[in-house]
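You will see two complexes here that share subunit A, one where it goes with subunit B and one where it goes with subunit C.
Moving on to the complex of A and B:
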């Protein structure tokens, strides 16, 4: 399948994300001739262990992630970042987890927005919001290059595209920029050939960055 | 939900049963070689202790993995009226690192076995599966090549069909009973 990079909006120090930035970024895609195609949505859920006796120390993971992606609507992904495990399963694995009653889904974050076609590229720009509120927690962007599946072979063209994109965004003098952190896919046992498991790992990495940035803002405030 | 009927047969009669089933089902048999790993939740994990099965289909060129959860059997007056076991069953095909994931989540291997035999899959009102298999245990961890029969000379026959929640398919149960 075509490879993609998942980017996230990194606000400048002392600033936070807001819907105006999201609007400007979306307009920016259209100014470089991106054609709006439709909506997309991914969901990321935190699972936490259900411990019978809280006082007894355990070494179970404090949490792990469940991810549903629009590119694979019948699949579901589990990620334990600490142990670098990504599992691909049929969506019914969620029912199995409910029946086991050993881990409970606690918080869900929705990634949703619009999809754009731009030549051989497909862009998805979206907001990150909790499942039961409209509080904007972040902005993400997927850049997918349709002709290539190899991460290595596509690196140069992806970097060139990002340079053009960053230049287009910088003209709007927004208080931040998009960053791309490529996870070490090999640690997860994933090859150079791109798959949806790579996408799931990228979302988990974006999630970790979002949490880290929220914690940084909170510590600055305190 | 699924309807299940289980029974046993002496190995000497398996060949005749296979011919009978071939005629009844109208499809060719498929070889069956499944490594089943039964995992149990670690101490203190979960509201109640739980069990999950990982099935590795060794008959495929590249072994495929499935996670299966089998729930309790249906009880009450409805269950008394039918002669088949009706229980919840959920399966999910998973990538090959499922065992590592469940170990990481705090599940432990309780026991493992190797099921070897054949299966018939066919449509008769519902998707029905009949398996005839010998159940084998392994002397060493995951040593499927060294597996030995648990009950030499006796094989397990299992007929299963899906049943939708809320309206247990009468025809499906009848078919299972008929077979």
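Moving on to the complex of A and C:
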């Protein structure tokens, strides 16, 4: 499947994201000839274990994430970052989990926004909001290059695209920039051939970054 | 007048043996039969006219003899007319028999199948001649022009065959086989171009070309197919939309490739190969079509993403991705160029030129030194899709295996964006 990079918005120190930035970014896509196609939405859920007896808490993974992706409506992805585990399951696993009552959903985040076509590139710009509020927590962007599936072969192309994109965004003098962190896919047992599991891992990494940056802001405030 | 009459009598007499011996006219071709029948009808008409004239003279003679003061003259006239008319009637009878035999006076020939659509002239009971002369005339004309046209067409075809398919004349005129040993003699002291030529002159068959290519570009997978086999395989290629998960698609690939892919060229009969597939993993899948099957004459080429699948993946199909569409367009022009300059080496040059695209996503544009550039026309970002082919055949092509990383060091890979290319030219 075509490979993609998930970028996240890194606000400058001392600033936060707001919907104005999101609008500017969307306009930026259109200035580089992106054609708006439709909407997209992904959800990410933090699970916490339901400890019944006096079990040792450390046995249970702390950051157990579940992700549903728009391109795979019948699948659900689990990631345990600490142990570098990613798992693709059928979407019915969510009902199973509810029935088993071993893990409970703690926090759910929604990524949603618009999708753009730019020749052989497909871009998605989205806001990060908690499932039950409209508080903008972050901005993510997906850059997908459709003709290739290999991460290695596409690296140069994606880097150049990122340069072009950063250049376009910087013209708008926004308080922040997009960053891309490439997780070590090999540690998760994933190959060079791109798949939705790669996407799930990227989102998990993005979440970790988001949480870290939020905590940094909070600690700065404090 | 008598002499004329006797001549008129004599001539049908002379003609008669010819036409009399035409009892075997049934063995002749229909047009000739029609011609003969028309001739005979014309003769019959003349005889009838003569008989009428004779009858008039008889009446005149009787009239004169009824007049007083007549000598024997009318009697002579009467006698002469009598004989000539009898002769005419006899001629007419014989012609009538011939016409009857040839089916003019009845419908016997119509019942025969092999008449080429030409109908014998028919004399109806009331005397009307349904001659279909116009049909005969047209048929005759059509026949003549058809012969001419066929002759011209055969000549044109032979010329084209000699020009585009010279290897088919190998057995006949032995031209190519004659030059090979000559070239081989001049080995050492020649320029690299000639030495390349003499190596390439070994590549006169498809398997030789492919074998040489496999040595030179080992990291590109080359497969050959019969035309229908390829279409079947194309429909079964997993496309991005079909992939559900990594493992299941890998299994699918494994099973389908075991079932369908015939393997390298040895599995397909060399004279039936019509499709060559060049697969550079994760970069491209190129389909080249050969016409006729088993020859070394390419007639179409198309680039696709290696993830594309479906019945549109063939040598005249178009990829859904802009980058491969542009390359396909460019490749079609390159193909025509290679055929135009060295038609017998066209396939080899084309395949080598295609293989140079394995660095499609890593070679920067030779002009602007960047990888991606916005193409105004399709409003998309494209890597350099134009690779020059004009001097490709003249450049010494190394026979050492070329890996994608060594290509840069050879210093011949030049690539241009669509916009940069047109500015260069």
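The criterion applied here is as follows: the second predicted complex is superposed on the first by the 215 of 222 C-alpha atoms of A that agree within 3 Å, B and C clash if a C-alpha of one lies under 4 Å from a C-alpha of the other, contacts with A are read in each partner's own complex, and residues count from 1 in each chain.
The rule we apply is simple: a contact is a pair of C-beta atoms (placed from the backbone, for glycine too) under 8 Å apart; a residue touches a chain by one contact, two chains touch by 3 or more.
Just so it is clear, the structure is predicted and the values come from calculations on it, not from any experiment.
In the superposition on chain A, A:89 makes contact with subunit B only, not with subunit C. Of the two partner chains placed around the shared chain by superposition, neither subunit B nor subunit C is touched by A:212. Of the two partner chains, neither subunit B nor subunit C is touched by A:13.
In the superposition on chain A, contact of A:64 is made with subunit B only, not with subunit C.
Of the two partner chains placed by the overlay, only subunit B lies in contact with A:80; subunit C stays clear of it.
Of the two partner chains placed by superposition, subunit B and subunit C are both touched by A:197. Within the superposed three-chain model, A:1 lies in touch with subunit C and out of touch with subunit B [touch as defined at top].
Looking at the shared chain after the overlay, A:186 reaches neither subunit B nor subunit C.
Legend: residue contacts after superposition of the two complexes on their common chain; A:107 is shown touching neither subunit B nor subunit C.
Shared contact residues of subunit A, touching subunit B in one structure and subunit C in the other: 88, 197. Subunit A meets subunit C in the complex at residues 1-2, 32-33, 35, 72, 74-75, 88, 118-121, 146-150, 152-154, 156-157, 160-161, 164, 190-193, 195-197.
Those residues of subunit B whose C-beta lies close enough to touch subunit A in the complex are 41-48, 50, 52, 67-69, 71, 88, 90-95, 97-98, 100-101, 104-107.
By the touch criterion stated above, subunit C contacts subunit A in their complex at residues 240, 243-246, 281-283, 305-307, 319, 321-324, 361-362, 370-372, 374-375, 378-383. Against subunit B, in their complex, subunit A makes its touches with residues 49-53, 56, 58-61, 64, 78, 80, 83, 85-93, 95-96, 99-103, 189, 197.
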